[in-house]
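One structure is given below, encoded as C-alpha cells.
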Amino acid sequence: MFNKSALLRISSLLSQPASKNFHLSSTCNEIRKLARLRVVDNSEIGKRAMAEGKPPRCIHVYNKTEVGLIGDRVLVAIKGEKKKAILVGLKQNQKPKVPKFDSNNIVLIDDSGTPLGTRIHVPIPTILRTILKERTHAKGADYTKLLGIASKFV
Amino acid sequence: MALALTTTFTKSTVKFLEERLLLLTISCGPVRNKSKQNPKPRLRNPTWFTQKHRVSSDDNVTLENKEFLKEVVQDRYFNVDNEISKDLASNVIWRPGLQRTGVMARKIGIYPMWLKTGKKISTTLLQVLDNHVIKYYPPEDYDPQVKRVGRIYNRKGCLLLGAEGADPSTFTREYCGLFKDSGVIPKRHLARFFVSPDAVLPAGTLISALHFQAGNYVDVRGLTIDRGFQGVMKRHGFKGMPASHGVTKTHRRGGNIGGGGEKGRVWPGTKMPGHMGNRYRILRGLKIWRINTKYNVLFVSGQNIPGATNSIVYIYDTKLPARKPAEPLPFPTYIGTGEELSENIFDKEIHEFSEPTIVYSDKN
Amino acid sequence: MLSTTPRLALSRQLKNFRRFATATTTPAEQPVKDKSDTRKNVLEYRQIYPEFLPDPKIEFRNPIREKLERSDMIARRANVDIPEFYVGSVLAVTSADRHSPGKLHRFVGICIKREGCGLRANFLLRNVIDHQGVEILYDMYDPTIKGIEVLRLEKRLDNELLYLRDALPEYSTFDSNMEIEILPEGAPVPVNEIKVKLKPRPWLDRWERKNLKGVQDLELPQRFYDRAKELETPWEKYDLMKQYMRTVPEEEQVEIFSEVQTHLHRSGAAQKLKRKRTFVKPTKLA
C-alpha cells in the first residue's frame, strides 16, 4: 500500500507535535468558536501552550456577530484554563492599508485589561491604537496597556 | 369645421359618460369604506404612446436623396435658433412644497472617490442626457390612469420630457408629430414628470446636469436587470437546505409555505419562486458628490442603482424629508448666467484628485 | 517516484490570461514604420501602466466613464509619483496614517499581486517582520499614499506570487531599511528566475494545479499531478473568441495610451520615470 517515502513522512509526522503539520479542520480564516489561535506574548502559560503544540482555542467572542475582528476581545481555552485575550492580528483579508497576518494572533489579558506577558514579539497593526482607545472606558478595563508592551507596529 | 365640431362633441360626451359609469361602478360595489377605495385603473395608454419605430423598408432611395434628407433634418432641427430659454426666469423662489421636474439619465459606470478624511466611497456615474421639454399638461388637462377619490390638494401638472435625439427617419410619422410643437428633434426616450404648476417649463427647454447641485440628495428610479424565473435562494435570499445528512431532492427549495387549520392557505405575499428583476425600483436619498459639467455627469453615492450599465434611469429631487436641501434649488431649472463654470463641481467633503496628498495632523 | 521535469510538464496547465500578455503575439507582417513605433510604445506602456486599460468586459464599458476615470488618474499622478513596478518588485509605500504617532506609515515588501483597472487598481505587498508574515493591500490611487518607492525593480516568472505565503519565510523577508537598487541606463527590467521552495502541505491552495514556474519541485505523490492533468484546459489558448472577449482591442489601446502619454508628458511624470533609470547602481543586498 504505502511506498517507502510515504512511510517515512508519516513517521516524521508522528515524531512531531500533533498539531504542527496537519489540521483536522480546514483553515478557518474567521475567528469563531473553537478557532485555534496563536499567543504572541511572553506570558508563561501562553509560551508553554504554544511550545507543547496545544494552541488555545477561542470559546467565545465578545461581540454581537460572534465573529472576531481585529481588536475584539475573546475568551480562550488554554491549558485547561479560561483566559481572556485580544485579537491583535488576523489571517482574514482586511481593508486596504490594514495589515493581514499569516496567523491569528492574540495577547492574553486579565479582567482589568492588563496583559499577562511583558512583551509582544510580533508586530501589531497601528489601527489597534485607535480601536483599543475607543474600547477603553473610564470605569472599565484599560486595554491600552497592551500597546505599551508591543515591540513593533506595522 | 363641422367635422371637427362633431369629433370634439363625441369626445366630450364619451368622457362624460365614462365619468358617469365610473361613479356608478364605485357606488354599487359591495365593499366597505367605499369612499376610501380608489377605482380600478382603466387600461389605457397615455396619449404619447404611439407606434414608435418605422418598419424599415428598402425604399430604393438614391444616395443623392439620402443626402437631401439629411440636409432637411439639419435645416429643420439644427440650423434654427429657437431661443426659448430667455423667458425662463421665474419670480418664484423654490420652497419645500414645490416640485421640480426630474431628468432622464444614463447609468455609465461606477468608480471610487475619496473623502477629505481619507475614506473611500463608491459612486455611480449618471450621465444626464439632452433632456428637452416636449409638452406640458396642466393639472386640469392631465387625465391620470388611476383616478383618486376625494379632494386633491397641490395638484401637479405633467411635463413630458424627451431625451437622446435620433434620426427622425427611423420613427413613424405619428411619433415625430409629438415633437412638432416643441421644435426639437425626435427623441428616443420619453418620460413624464409631475411638477407643481409654478415649475412649468416652456416646450423646447433644455435641462442639464446643473439642474441639480453637488451636496444635495436625489432619488433614482430604474428598471432592474431581468434575471428571469428564479428560485427562492436567489430571489429572496433563502438559505436553502443542507447538501447532505439524508437530505434528498430538497437542497435549494423554500420548504414550508404556511400552516394549517384556520390559516390553511397560502397567505398573500408569501415569498416563492418567480420572475426576478425587470421591474422599476427607486433608490432614495443618494448624495450628489460631484458634477461634471463638460459631459453632464452626476456622481451619485452607492453602487446599487437599479439597472445595468448603459441603461436609462430617472432622477428626481429626493422625497425624504430629512434630506431636503437647505438652500433654495434653481427654480424651475438652472439657467446659465453666461459665466464660465469649472469643469468639475465637487461637494465640500470630497478630496479632489488634483489636490495634494492628504496629511493628517494631530488634531483630527 | 518519477523524475521532476516530465511530471511538471504533465501538471502544466493553462495560465489565466493577463490582459497585456495575450496581445504580445505580434502579427507576421509589419506595418509602416511610424505605425510600428506607436505600436511598440503601446506595448511598452501597457506593461508600465496596465491599470489604464479599462475592464474588457463589454457590458461594463462606456467611453465617457473611461475618459473621466483616466483624467482623474492622470490628475492624481500629477501629485504623487506612481512608478513603474511589477509583481515581484520590492516596494516601499509611505502613507498618511491617523493611528501612528508621526501620522506617517512606511511599509516595505514584495509585490505579490497587482489587479484592478482604473481607479480601483491595487497591489498587495508582503514581508516577514520578526518571523511573522504581514501583507498590506494598497489602493494605487488612494490620496493618503504619500509616495511609492521601487527598491528593487524586477519581474518574476509568475503573474501572481501568492504561493509565497506557503513558501519558506526567507523568500519573502526584506529589510525595512533596504536601499534603492538602481539599474544601469537603458537596461531592460530583469527577470528574477528564482525557484521558491514551498513548505510541506497543507497549503492555502493546490499549487500543483496552477502551472507555476517559480517554484521548486513540489514533492507530491503522483495522484496529485494526475488530477491536475485531468483538470487542465489546454484548449483555451486556441479559443480566439475567449481571448477576444478578455482583451481591449489594440486600436483602442493605441488611442488610450497616446492620450495617457501626452498628459503624462505634460505633467512630467514620464520624465521622472526616465531619470530614475539613468543612475549607475550601488550594490547593496537585503
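Chains here go by letter, A, B and C, matching the order in which they are written, and residues are numbered from 1 within each.
Heads up, the rule we're going with is that a contact is a pair of C-beta atoms (placed from the backbone, for glycine too) under 8 Å apart; a residue touches a chain by one contact, two chains touch by 3 or more.
Going by UniProt, the chains are A = Large ribosomal subunit protein uL14m; B = Large ribosomal subunit protein uL3m; C = Large ribosomal subunit protein bL19m.
Here the structure is a predicted model, which means the values were calculated and not measured.
Using mean Cα coordinates as chain centres, the one most removed from chain B is A.
Comparing per-chain C-alpha centres with the mean over every protein C-alpha atom, the closest match is chain C. One simple way to say how far apart two chains are is to compare their mean CA positions; for chain A and chain B this gives 53 Å.
The distance from the centre of chain A to the centre of chain C, each centre being the mean of the chain's C-alpha atoms, comes to 32 Å.
Centre-to-centre separation of chain B and chain C, using mean CA positions: 43 Å. The residues of chain A that reach two or more other chains are 96, listed in rising order. Along chain C, residues 97-98, 139, 142, 144 each make contact with two or more other chains.
Contact of a single residue of chain B with at least two other chains is seen at positions 120. Interface of chain A with chain C (complex): residues 3, 5-6, 21-23, 27, 40, 89, 93-103, 105, 121-123, 126-130, 151-154. Of all residues in chain B, only 108-109, 111-114, 118, 120, 125, 127, 292, 295, 297, 308-310, 351-362, 364 touch chain C in the complex they form. Taken in their complex, chain C has these residues touching chain A: 1, 95, 97-100, 105, 107, 122, 129-139, 142, 144, 165, 200-202, 204, 221. Every residue of chain C that touches chain B in the complex is listed here, in rising order: 59-62, 64-69, 72-73, 75-76, 78-80, 96-98, 103, 118-120, 139, 141-146.
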